[in-house]
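Think of it as A, B, C, D, E and F in the order they're written, each chain with its own count starting at 1.
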Amino acid sequence: MPQLIEYADASPAVKAVFDDIMQTRQTDYINNFWKALANDPATLKRTWESIKQIMAPGALDPLTKELIYVAVSTTNQCNYCIASHSAAARKAGMTPEMFGELMAVVGMANETNKLVTGYQVEVDERFKG
Amino acid sequence: MPQLIEYADASPAVKAVFDDIMQTRQTDYINNFWKALANDPATLKRTWESIKQIMAPGALDPLTKELIYVAVSTTNQCNYCIASHSAAARKAGMTPEMFGELMAVVGMANETNKLVTGYQVEVDERFKG
Amino acid sequence: MPQLIEYADASPAVKAVFDDIMQTRQTDYINNFWKALANDPATLKRTWESIKQIMAPGALDPLTKELIYVAVSTTNQCNYCIASHSAAARKAGMTPEMFGELMAVVGMANETNKLVTGYQVEVDERFKG
Amino acid sequence: MPQLIEYADASPAVKAVFDDIMQTRQTDYINNFWKALANDPATLKRTWESIKQIMAPGALDPLTKELIYVAVSTTNQCNYCIASHSAAARKAGMTPEMFGELMAVVGMANETNKLVTGYQVEVDERFKG
Amino acid sequence: MPQLIEYADASPAVKAVFDDIMQTRQTDYINNFWKALANDPATLKRTWESIKQIMAPGALDPLTKELIYVAVSTTNQCNYCIASHSAAARKAGMTPEMFGELMAVVGMANETNKLVTGYQVEVDERFKG
Amino acid sequence: MPQLIEYADASPAVKAVFDDIMQTRQTDYINNFWKALANDPATLKRTWESIKQIMAPGALDPLTKELIYVAVSTTNQCNYCIASHSAAARKAGMTPEMFGELMAVVGMANETNKLVTGYQVEVDERFKG
C-alpha cells in the first residue's frame, strides 16, 4: 500500500497543498488521508480544492454538511470516513443527541430503501417532474 | 409483485395506520410505499411507527432529517426514495441551492470514501476513542 | 447494449446451454438474462453451470436458496433479479406471508448493518474464532 | 465513538430493554451492539422491539431468518453482523455444509446481479405484475 | 427533479463549460448529465474540470480508463453511467469481446469480494505494507 | 469463522486444486482466500476454475484485468481483495503512476454515479440500443 508522505519529505507541490489545508482549517495537523493522497499530487490538489469548495459555508451550514458526510460514510461503511467526519461534526457542534438522531435516520433510510426496492414500488405521479 | 392496497380495500388494521399517516402529515394522500407495505400489516405498522418517531423534530430539525434521508437514498441509488424524500425536503424548506450543495457533498463523500479505501488509509490516533 | 440472442439465431455452443437450461428446469422458456449472456458463450456456459450446481438441492433446500437470492438482490437493488428470483421462489413454494417476512428481515438487516458501522461496534470476543 | 453502556451503569429505561433481551434469548449476555445503542435509549428500544418481532418464528423459521440475515450482512460486508448472526445461525442449527451453500448462493447472486445490470437486461414480461 | 438546461437557455458561466466540453470532445453534443448539473454551475464546472483532468491520457490510456469507469458503474448499478461510458469505451476501441471479458471480470470480482467477506478471510502477511 | 485449510491437512480434492493454482501461477504459495474456500471443496473448485478462465489473457491483457479487479474491490470496499489484487497488478506491471490514475478514475466514477442518480438523469437517446 502507498506510504504516508510526511510534510518534511513532501515535494513543493504537495507542501503547498498541506500549507493550504492547515491554514484553511487553522490547524497544524494533516490527516492520514491527505498524506496518503500525496502519493499522487494531482489527485491531492484536485481533491483538496474540491473539498474546500464544497464544504465551505453556503446554503447549507458546515454542521449540516458534516452530518451529510457521516450519513454517506455510514451507508458506505467507510470506517475512516466515519471517524474523521464524526470528529469534524463534533467540532462543528454535533451533540450526542444529534449523533443518535443522525444514526436513527440513516438506519431507517437504509431499511426503507430496500423495502421500496423489494416491493418494487413505482414512483407516485405527484413525485415526478 | 405485490399489489397496492387502496384505503377502500384495506383491513381495519391497515386503515388505522393509513388514518394515522394522514392525520400526522395533515394530508389526504397515501404514498405508494405505504400501499405496498399494506400487504404485510405488521411491517406497515412497525415501519410507520418507527418513521413517525424518527422523523419527528428533535435535536435535528425536520429539514435536516430529510436532507440526510436524501443523502442515504442517493448513495443507495433508490429512485423512489430520492423522489419522495426530495419532495418532503422541498416541503420542509429545501431550496434549489440547498439541493445543489446536498448533491455536491454526497458526490464528494462517495468519492473520498473510495479513495480512503483504495489507499487503505489507517484511522489517525486522534480520531479514535 | 448487447442484443438478446434467440434460440433460432444461436450458435451450436449457445444452443447446447439453452437446451440444458430448458431440460434442467423442465420448461421451454429461456429468460432474457441467458439470451443476453449468449453474446459471450464462455460466460453463458460458465455462469449456467455454476448456477446449476449451486442452486441444486443440498444441505439447503431450493426454496431457502431462492429466498437467499432474493435477499441479496434486494440488498443490491437489482430489479431484474428480484423479479426473476421472486418468481422462482413462488414456484418453489414461497407464500405471500413468507415474502413479507423475507422483506422484513432484509429491511432490518440493512438497518442494523449500518447502525453497527455508524456506532463503530467492535466484535464481541465470543463471536470470534 | 460512543462508549459501550454496561448494565450496571444503565438507566432504568435501558435496563428494561437489556432485561427483555436476556429473558427473550434466555441468556445473561448482552452483545456489544445493544450496549452501543444504549447511548440512544429510544433507538435501543425501537430496534430491539423490531428485531424481536421480526425474528420470531412465523411463516419462516428462525434458522431461515438467520441465514437471510447473514446473506444481507455478507452482501453489505458488515463484519460485526456476519460474526454475530453466523453465531446465531449456528445456534439455530446451521451446519458447516449449510454455511458453505449459503456463501455459494450469496457469491453467485452478487455476481449475476452485476451481470444483469452490466448487460442492461430488461425484465421478461412473464416476471412482471 | 431538476430540469435539463439547454445551451440556448444557459448562463454565460454554464455556456463556457458546455463550450469546453464540446471542444475537448470534438462534438456538438452535450449529454443529459451535464445539462442536469448545469442547475448548479459550481458543481458543473468542478465536475467537468475533474473529469477532463482524470480521463486525459496518462499512465493509463483512455480505453483502459473507460473500462474502469464501466466496471465501477456496473458494480454500483448505475444504468445511465453504464450506457454513457460503454458508448465512450466503444468509441475508444472497446470490441464486443472486450466488453464480454470486462463483464466476466466485474461479475467474478463482485462474487469473490463477498466470499472473502463472508469467510472473514484475513489479509496474508505478504500482501501487507 | 471457518479455519484455513493447509495443504498438509487437505483432502485429495482440495490438494488437486491447490496444485493447479500453484502450477498455473508458478508459485509455491496459496493465498488465505483459497485456504478458506477449501472448507467447501465444491466452491473452491468452481471458483478457481472460473477465475482461471476469466483472468487468462484474452481480448484484455492480464494487467487490465487486474486493474478492473482492483476497481471493483475498491468500490465494494473489500480490503482483502484490494490488497491481493493490487499485489497481482503490480506483478503484472502496474506502476505507482498507474495506481494513482486508477484510484482517480474509481473515485470520480463513484462520485458521478451518485450525481447522476441524485439528479435523476435520464439516459440520452443516443446511448440507448
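Assume a contact is a pair of C-beta atoms (placed from the backbone, for glycine too) under 8 Å apart; a residue touches a chain by one contact, two chains touch by 3 or more.
Please read all numbers here as calculations on a predicted model, not as lab measurements.
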item	value
Comparison of C-F and C-D by number of C-beta pairs in contact, larger one	C-D
Matching chain pair for B-C (criterion: over half of the contact pairs shared, by residue number), options B-D, D-E or B-E	B-E
Distance from subunit F to subunit E - Cα centre to Cα centre, in angstrom	20
Chain centre separation in whole Å, for subunit D relative to subunit A (CA means)	27
Rounded Å distance, subunit A centre to subunit C centre (Cα mean)	34
Set of subunit D residues in contact with two or more other chains	1-2, 39, 42-43, 46-47, 50, 54, 75-79, 83, 86, 100-104, 106-108, 110-113, 115, 117, 119-120, 128
Subunit D residues touching subunit A - in the complex, by the definition given at the top	1-2, 39-40, 42-43, 46-47, 76-78
Residue ranges of subunit C touching subunit A (in the complex, touch as defined)	70, 74-75, 77, 79, 82-83, 102-103, 106-108, 110-115, 117-120
For the subunit F and subunit E complex, residues of the former touching the latter	1-2, 29, 31-33, 36-37, 39, 43, 47, 50-51, 54-55, 58-60, 64-65, 67-69, 71-73, 75-76, 78-81, 83-87, 95, 97-98, 100-102, 104-106, 108-113, 115-117, 119-124, 126-128
Subunit D residues touching subunit F - in the complex, by the definition given at the top	77, 83, 86, 96, 99-101, 103-104, 107
Residues on subunit A engaged by subunit E in the complex (per definition of touch)	1, 42, 46, 50, 53-54, 128-129
